[in-house]
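Labels for the chains are A, B, C, D and E, by order of writing; each one numbers its residues from 1.
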């Protein structure tokens, strides 16, 4: 484990959001939000339901483009480019920024094909043996290999909830993104599966920059180095997790984390 | 407010559950649960998702009868009778034990008719003026009268969420039940509406025995005199709320209320 | 891992985009193709049928006297008589009977031309008896020939004289049949749906009923004709060709449609409405009657209208129960012989005279208009009252 | 019962529905319902019994069979009057744009038979052109649109043309009436107005149908001579044209006084105005009876002559 | 007794009597109520209770005697039945009235009565299926007494010999149904070749690509195609499409029959397009969006997502929809009656004329052959086979659809 000093030194910004506003039709969901995502760290987004966490997250890989009637203003910088710039290709972008969803959503295919699907189309891997290696490697990184190595041809839907979620993580890793977005990845899981996934997140941050939305404050405290508190479409407070939970600067943050509402 | 001594004295059992087991098809949801419901008190049921709180609650007024393939064993005593005894008329029973649901579910009728519906079909009230009085009285008790008295003919669905929930409470009160069951009545409401409803519950306990399911531990602490902690279809702990929250007897209870999981 | 990431499309991605475009074009093409069929179809029907809405009329002098009442063709000029529709001549005795003042007078009126003349003027046939042609040209020169609106198409019944044939009796027959269908399949269909959706225990028998209903919805309609013939007509003795026989047969076909859509409408009513009602002490039936049914009514009606519209266009089963016949009088009771619009169209489609081709197409246009109106009202109803929970 | 019901032959249907319309239009009776059920179907319905739900009259393009009469009497339908109302010629028609052709029944038989005798043996019909049957015939493809097996016209064709033809051709031995199924003979609906269109467009093709269709479409098609006789009204009526049959009319006398307009209908049908040489039905293609025959039929009707089993044996 | 009389007795007699019973029952309950005893149910419910018990015996007696009459059993004359029913009703009414007491659970009885009434309604659909089977089976058996099932199923010759005149040899008839089924399957195949690709691809366009506006316009337009009666399609096929096919074929130097199989096949395909597209649309829409999002999040394009994720997931449903389409095409009657040929013809060439099972059924049953001739009876045998084939297809697709639904809830 790096010491606190080292962490500070290593800090560099992976993505940087400037003045992001989002409207769904008439309704504004985000109000000029700015925030930096630190490289190789876990950033947690917390806040009451409907405050815009998911909206923010889905702006980072432009998944919100798919929503009918959405309007987005502001900038999201990734690799020195604004992802909303006209020449940026979304499909390309999304292959660099992986995403894991609230409810595990494996494809109705075999475990193997769940992972091989994207690399095959992206042309990352051509040969059968290379693909086998990639599948194995991705499953290993997602901590699932030992559990499924004998039954890669089983449908992904036959796995348990926690395994499915790790399969989805493996699937996202397989195209070697550099950022992983996770929207309440544990909320559909039981406590044991949650613990496994949290541990996995802890390991993944070595190689990936992770942004995670969670409702569970304890979870944010456990896994995240940085935490942002959202409220009604604004970021109220953003700082390293320890200080946010122990010395919140804002009254609203304090109310929220002490369970006064939500 | 009655003092602690008084509370002790007044304690008498309104309903009493003995060895209640429930199966949904093959799956057992409750495992021989026993518990007393204290008269004119608020009893909160807490526990992680899927632990059987709603199932337990819905056995009290036999709403579970409506579920296909449900099987129920054990006794639920109410007014010296087992509510599952063959000669008991469910419709009659439910008019004595009111229920409020998670999502406010006013009938798509006017506010007036929402409340008048049950008294009318039960034949409690025949004359128009009596009905007017009953509607007014019920709305008053539910703390909604002032807000809606000028627009009783408005559809119930035109009210805000919190108002709708209070309308549902008024509707339940209108047939003068003696017990009120509430399944997460505030989880669909915003903090302000939640506060109003909580206050209402506090007032209602003067006249009604209330059983409430909640996910929100703070809420249980705020409104309930007694709390039962459910886990995997069993009652782990049942005692007065203060001691349960401050000195839990069981390790599982402690883990849960300190947010170790859930 | 340090290779520079570019967010611009790679070569491979460009290729993938081309595939994307192609696929989208195929899909759009398919949709356009389907819509083209629709356009071509309607254009063809209008092209074939529009001329039947007008008909050739001649201005002639009609003489009424004891002689012409007997030999009606002699009531107009000898050379003009072959041009006039026979349907006019045979009314002459009646005209005189109804209005004795006409006797021994001559009046000048517009009468319907016979269908050869009509078809010739519309360009559907290109030769005519030379004498008739000469007469026609003379009349045209005098301005005694005109095209008028074909009222008979809407207001008279079937006829073996094309210029006299109309849809009225078939229209009335259709109404009668639809009334029977409505009276039988609506209550039974809705009751079945309520039973299955709200009351039925989930057991094998219930599943059998459900599968059976889904199957019935797809049984070839001609088999319903066999059923109608064997059960209703031969077994129960319902009069052949009657609106009752047709209606009962079509009711059984419509039943699954109504059941399936009613079930969907009932299912769309959220469970918490039922729970709310039952939690305040309503019985199951009371909660259905007071809450579920009123809420699902628009959906039920929509399904019913669509079912009725389907039944209204059905022909095959009617072939077997005697409703494809010459029935020119509108029925006045359920047990009288009746025909329906699609049956009339089928009859006309088989007639040898050319004039019936455009009559058939015109009949089709009328039927389609009715059906589209019915379906559109169903769609409106659905959009208007559809509730989102 | 206020409305008559007539069923039966599709060949007679145009005539009986025309008379029905006339009755409806010129009297106060409701127009009788006329359904084309085919002769066999007509007898079945007609003989089902006496009473409201059974037909009053059935038409046929063939005579009632003894078995059908038995069915009738078993069901209590005993008082039936039989009338012949005219003739129907079965014509062999082709497009007007081509030269009319002169055929013998033997040639037609060879053109449509499933098997033909070649060198004393019956083999699958090899003929694809008329000229192959007889060098004097034109070099035209054989293509014949004719009635399907379910049709009475087909039966009449088989009897009047093929039975006769095959008996006169060496090699068949006995009457042969099986029609080829290799596409040279195309079964087609009888009252199918497409047939005329098909003939008009395909000059090689022939159509076999009732004389009335020829009459209706004189502008497009013409009839071939059979055994040297042109299908013309007079020649059919006189019996010179070899392929013609009688059209029948069966009245259920038990209904006469129960159904309004029934005797008026039969009277009208047999009247000069309709069925005589100057009647309307002639224009629709009915071949009228000779005057004396018509008179005899009328008197049969007047006396309500009762049909008996012995009548049918001849 | 004819229908109008029965209706008259029903509404003229039963309804007023029931109304009287209702009033009596209600009054008795109200009297009890006025005396201060608490009623279990509403007064009106006691009224309905008595009225029901009044009406039930009459309806039951009417039903039983009616059925007995239909089965040819001897039944007493109408006045007897009527008085019998009256007495039954009076007894029912009196007994019910006596039982009206504050403790009587009238509401529960009504509930039960409603339950059984609804249950009875649901039996009608079962009876319908039974009716279809009964109305086919007996005649079909008569046919199979004359013609062996094996010959019928495997024979390749369909040439019934007329039995119009005595002496015609019906025994030389051949009833091999293969050419009929070949024609049916040929036309069905053509229809499905049109309907499946066009229907499926338009469904994909509407559910995955089209904007809301395009969808709200295109969908009802497509549904118009589904609402066009088959007799209209038949006319279109016969008058417009068939001659067109002949002309087009001629320009390619091919010879087509005027009653070719292609024209009815094409038109039937058009008819089935909306059927396939709306069922496929349902299936595609039921694929959870999370799957699509999962694919997009991996950097996949829309068509890749559709082809690799959505369609495979929707496959069973599309399959089931297609099977339903096939069963519809097999049983379609008017289009082929009006536009297809009458010649049993075993061929692969869709430009030739072929006949189908339904055409044969209609032709035999509306033709001139006598009712007991094998050709007429064959119609029922064909109907039976048609019923069985579509039944199997429907069952398979119903089962597939059910399975599929379950896995995606």
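One rule holds for everything that comes next: a contact is a pair of C-beta atoms (placed from the backbone, for glycine too) under 8 Å apart; a residue touches a chain by one contact, two chains touch by 3 or more.
Given the structure is predicted, the values throughout are model-derived calculations rather than measurements.
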Top-ranked pair of chains - ranking by C-beta pairs in contact: C-E
Central chain of the complex, centres being mean CA coordinates: E
Greatest separation from chain A - chain, by CA centre: D
Between chain A and chain E, centroid-to-centroid distance (C-alpha), Å: 52
Distance between chain centroids, defined by C-alpha means - chain A, chain B (Å): 39
Chain centre separation (chain B, chain E; CA means) in Å: 48
Cα-centroid distance, chain D relative to chain E, in whole angstrom: 38
Numbers and ranges of chain E residues touching at least 2 other chains: 107-108, 238-239, 301, 304, 365-366
Junction residues of chain C, two or more chains touched: 16, 283, 349, 357
In chain B, residues with contacts to at least two other chains: 91, 121
Of all residues in chain B, those that touch chain E in their complex: 89, 91, 121, 123
Parts of chain C lying in touch with chain A, wherever the complex brings them together: 1, 4-10, 12-13, 16
In the complex, chain A residues that touch chain C: 78-79, 81, 83, 87-89, 91-93, 96, 121-123, 176, 178
In the complex with chain D, residue positions of chain C that touch it: 86-87, 90-91, 93-94, 125, 127, 157, 159-161, 237, 239-241, 322, 324-329, 336-337, 349-354, 356-357
Residues on chain D engaged by chain C in the complex (per definition of touch): 3, 5, 13-14, 17-18, 20-22, 24-26, 30-31, 33-37, 45, 52-53, 189, 191-193, 196, 212-213, 216-217, 219, 280
